[in-house]
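Working notes, beginning with the structure itself.
Letters A, B, C and D name the chains as they come in the text, with residue numbers starting at 1 for each one.
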Amino acid sequence: MVGYAFMGATHSHAWRTVPRVFDLPLVPRMVALAGRNEANARAAADRLGWESVETDWRALVARDDVGLVDIVTPGDSHAEIAIAALEAGKHVLCEKPLANTVAEAEAMTAAAERAAERGVRAMVGFSYRRVPAITFARDLVQSGRLGTIHHVRAQYLQDWIVDPEFPLVWRLQKEHAGSGSLGDLGAHIIDMAQFITGDRITGVSGLTETFVKERPLPTASSGLSASGSSERGQVTVDDAALFLARFGGGAVGSFEATRFASGRKNAMRIEINGSAGSIAFDFESMNELQFHDHSIDADSAGFRRILVTEPTHPYMDAWWPPGHIIGYEHTFIHQARDLLTDIATSQAPAPSFADGLQVQRVLEAVERSASGDSSWTAVDAAAG
Amino acid sequence: MVGYAFMGATHSHAWRTVPRVFDLPLVPRMVALAGRNEANARAAADRLGWESVETDWRALVARDDVGLVDIVTPGDSHAEIAIAALEAGKHVLCEKPLANTVAEAEAMTAAAERAAERGVRAMVGFSYRRVPAITFARDLVQSGRLGTIHHVRAQYLQDWIVDPEFPLVWRLQKEHAGSGSLGDLGAHIIDMAQFITGDRITGVSGLTETFVKERPLPTASSGLSASGSSERGQVTVDDAALFLARFGGGAVGSFEATRFASGRKNAMRIEINGSAGSIAFDFESMNELQFHDHSIDADSAGFRRILVTEPTHPYMDAWWPPGHIIGYEHTFIHQARDLLTDIATSQAPAPSFADGLQVQRVLEAVERSASGDSSWTAVDAAAG
Amino acid sequence: MVGYAFMGATHSHAWRTVPRVFDLPLVPRMVALAGRNEANARAAADRLGWESVETDWRALVARDDVGLVDIVTPGDSHAEIAIAALEAGKHVLCEKPLANTVAEAEAMTAAAERAAERGVRAMVGFSYRRVPAITFARDLVQSGRLGTIHHVRAQYLQDWIVDPEFPLVWRLQKEHAGSGSLGDLGAHIIDMAQFITGDRITGVSGLTETFVKERPLPTASSGLSASGSSERGQVTVDDAALFLARFGGGAVGSFEATRFASGRKNAMRIEINGSAGSIAFDFESMNELQFHDHSIDADSAGFRRILVTEPTHPYMDAWWPPGHIIGYEHTFIHQARDLLTDIATSQAPAPSFADGLQVQRVLEAVERSASGDSSWTAVDAAAG
Amino acid sequence: MVGYAFMGATHSHAWRTVPRVFDLPLVPRMVALAGRNEANARAAADRLGWESVETDWRALVARDDVGLVDIVTPGDSHAEIAIAALEAGKHVLCEKPLANTVAEAEAMTAAAERAAERGVRAMVGFSYRRVPAITFARDLVQSGRLGTIHHVRAQYLQDWIVDPEFPLVWRLQKEHAGSGSLGDLGAHIIDMAQFITGDRITGVSGLTETFVKERPLPTASSGLSASGSSERGQVTVDDAALFLARFGGGAVGSFEATRFASGRKNAMRIEINGSAGSIAFDFESMNELQFHDHSIDADSAGFRRILVTEPTHPYMDAWWPPGHIIGYEHTFIHQARDLLTDIATSQAPAPSFADGLQVQRVLEAVERSASGDSSWTAVDAAAG
């Protein structure tokens, strides 16, 4: 594993737990963790359960006892590490977003396609696909229970920077983060919408906004000093991003990503209306799926709350009895299970790097539309 | 009252009931109902409680014993009747939408302004403002409980034409209905959003879609015949309309109106996020307002379900004890109460015809944007 | 109508509105209102829409132009008025509870049975049966959609006397009110449970509690004085009543009525579990019924929120389009419609006085059990 | 650890994960697992992560490298193992229920008290106390946010044996299971109610019911054979248990445990009403707590949905960002953290064996009342 911050903890928990919960054809060994600062990396490895550390990711990629490289570093380093690992014949799991630019994502996708010819696998970490309710929603669509899809309505709402005195952390600086809510949150709802519907966004009209344009520099917010314009800095990413979309199959969509929805902590909500039924989901209640079956007589029809904890639900036969819920980190355990199974059975994992690239293309189209006059912008389908 | 269809029933119920519930400075008499077919008008008058009938609205407008003309006819007749009534010195209540075109709405607004100088009052019937939860939400915004508004997210979702065999009724024909979901449903959420926030939409980017482009002619759907392409007709209005918006005060908005949201019967939903709090509302549960107070400590904060049935809530001191809910038609009773009070106290009613005109301008801007390439379109503020 | 307080307003609204909404075989005339104080009665009659007043209910009962007597006075006067009216050949609608004692209820039931032989009808006003969601729940049970009933779980929760400084109003004094939450709230949930299940309670184990045993006398609470033990009085009714029950058909039940459930304004909740399905209802959201169909595959089963506003739902074809809700007072309009229809078609109305008597017997059994050691107490079935 | 079935998996996951999530003064080693069948025990140990196996729990208790014995066997073996372990100076974690009889629980409690004098700790595994929302509810009560408690309303609803053809598994046989829903589910809600309120049940009136009195023997249900009355057996435990209760502090309670609530999978629900506020909880949505603050002005008061995922909530600083939920097994991780912390800091863990004994006494009182005529039965407070 390269990197060991927040995502490092969830991934480590997944590798550690997956063989104890699922019957797997391959059992992972947590061989080495790479980080530039040896002491910090060592402490992280001890805590998270890795056998050894490397201070250079290149050394980790070169090790013979490493078969899979898990990349949980910031987005600007993904391309270099992933391409090197694939070329060294290591399978790769790369956190989302695939890259900070379409060009990098294209290079990674090309590398993944070359590697695939040699049986080397690559997956991008849109772990929310592995929420059982989401996989089950996809199954409902695939089996025709929703009919023809007319509407997708997706929001990812958070509120952690509503306070204008919240400091100018790196996530609010374009040079470090690439974009704001659009790339961080919007990428998730784009992937979710396309995954569940089995369809792709073909064009968009976008709008972005930065509500708080200057914020205290992190030191200013620490309370050590309190005055002077020199201690504020420009917010260079979007606080909120909204866009309208059309899908290849004829559906229309409304998307919204924001860090300014006071009271919404992690409300990734998606509602899909089809000719035969509808689903609605909120990540804050991730074990529940609302489902409306339009074929039922009107007087007894209505959205039903399916508690997605039955043994017949995706992934759930490995967990607890009905009604006993799972949490956020389980999505990473499911992701690990799927990737290990794909590697063992020589199948191409999904979402592929090409899938990750396509999400980047949608994000780029939104940015282009929003930076102009919101006029309709086709999603470049070159690598779709 | 001119007209006596669905809206005629709700308005009649309101005029009949309002003096028995509220203490009013003026008590209405239900003098006459106008309708072209005398027998039908007579039957409606008997059922709805009107003293007499007229077969020509001009005769009704001319009567000395009529002080207020209530217009519940289709939109294309509003301008002529309303202007004539105002010029005859009658107060006017005109159902929404104010008119089918901006030009008509401008003429009506001019007539209303001339009439106002003579103390003659005009109101447009956006009755949803009179849902106590909505008025209360407006009060929360006005008193600063939401702080600076960042987001408006409004949807009006219905599903009555999801079935492609649903016939081509007049509401699906542009020559009769003007537009589809946009004018019928979109007008409501535009007015609601502007009413609650106290702010105005300044520009939009729109998209419209007609999912089912041909439908059986009404006779075909009646079962009398079943074959032949000649028996289908073109749907000439939108099935769904979506738009992004900016408000004068800096908020951004996402709006959606559709008749294809299977399982949603009358889901007029609005969620507003501000720097100090948020509200959420769904018309299907119209006695409830969700409210988040961002000033509460994070560990005990959350959206609270306010049951808007306390005597201190708008309009509710006239109704039942706390926890006993009211229904759809009460909004019309409240509207009648407000209009009669304004007339008696020589105040300008709201929403005025100018308010109705401004909603028409927003609708027109959405249509223009959607018929082009969704590029940003300013709302003409000439009469705003 | 005899009486004109809170219930007088809802009943008057019903008589006034019912012929304008439903097609009826009989159209009511609101002939006369009886009240002891002529000025007050006159003002009420004017406001509520009655043609004349009587200061003695006996005079009203004697009038030739009165065919139906509607009794909305306190419970201790029901027996005398109802029996006199029935003997005078007038149909009777009597508010719940039927009487304050079982003995009075027995006399009223006997009078009603004698009157029925002459075609004179009597109904007790358990209007909550006319909530469309409740009637629909009864229909679901009758059609077998719930299978064999195992559990009934009913609560009527209010909170208007949580504050110990709330004054000692007449409802808190046994000599005036008969009982506290048990008779006021418990009677409703007993009738509802028996109505929906079509079954009867055969035995109970009860518990009652008075949390605040002394309260300020009403004058003390008015702010005119503030000191002295002489200004407090004993609360002589129950604040809360709980009981367990068995039904004739084998189900078990848990019932709770309280005025001390802070935050619950009018939460009459009932949940019924059967071998084939379950329903759940909350009067605060009275247009919704939660329904679980146990025959659906486990992975797509769940409680569905039925919005009981379809034209195929009970009473709803007379009202608004789907998704437009109704309110508390509509239950009285439906009650008036049912009673008038029964009278016109010579049918026995339900709930009958015998039904009201049986509810009194259950209440009495609870009181007996609670005043002893909660031991099991059979419901006397003499008149059942 | 002694035993390795369902609870063995959750406990193993907890021991394995707790040091990687929390900073602990003691880091557990998973030394040995005991099970009678060596092959099965070995397979379980490999899967669950234990270093070695023992085929006799006595050998495990005797090992010098074992400091803590975790007992996850059926209830009838708890007393013997726990007492032996405590006498051997090992700390003990014993799954609930503490024992199958009050006598056994008393012996265990005495052993735990003797052990405590030597610094040896014992805890009973009511892990639901470690749901952050429940601990937080307890904190709200302790800090006075609910005021004086008036009502406790608790239900534990499941539906896994609604089908009368579900076989007669050991849990439905008194000789193996002790009791049915009462001990299995009722024990949880008794502990929860007493934990949150900080108060104890002093008396009860109970009722139990077995709806399906005969069931197919397990072989019959396995499909190997299908006919003959000889293949059915008696259900000897309760399907449902209901009771009313009084608490020492004056509150009244209504409790219900059932396996016949169709559509409810694991609905452990508790609602508590106090003079200053109320809380409501449902284990199916275990990251949410509904809270009503009665001190807020009535017009903006209501139950608020607190998402109990803030870093300031109990246990949650170790987990994910706000809005990212946790699941069922986290309660066991929290339990392990608390026990290890108590051991390291020489504190008495809670719930103690005495707490477990007191729950047994309540269960026994309910059984005695239900087997008689439901008359009021005091909870024996000898060891309380």
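For this structure, a couple of remarks:
Operating definition for what follows: a residue touches a chain if its C-beta (ideal position, glycine included) is under 8 Å from a C-beta of that chain, and two chains touch if they have at least 3 such contacts.
Quantities reported herein were computed from a predicted structural model and do not represent experimental measurements.
When every chain is reduced to the mean of its CA atoms, the largest separation from chain C belongs to A. Here the CA centre of chain A is 54 Å from the CA centre of chain C. Averaged C-alpha coordinates put the centre of chain A at 36 Å from the centre of chain D. One inter-chain figure worth recording: chain C and chain D are separated by 41 Å, centre to centre, where each centre is the mean of the chain's CA atoms.
Contacts with at least two other chains are made by residues 264, 292, 301-303, 307, 322 of chain D. Judged by the touch criterion defined above, the protein chains are all mutually in contact, each touching every other.
Remark: chain B residues 6, 10, 12-13, 16-17, 20, 47-49, 158, 160, 264-267, 283-288, 307, 309, 320-330 touch chain C in the complex. By the touch criterion stated above, chain B contacts chain A in their complex at residues 150-151, 153, 155, 157, 159, 162, 164, 205, 207, 209, 211, 240, 242-244, 246, 250, 252, 254, 256, 258, 260-264, 273-278, 292, 294, 301-303, 373-376. Residues of chain A touching chain C in their complex: 136, 140, 145, 291-293, 297-307, 310, 312-313, 322.
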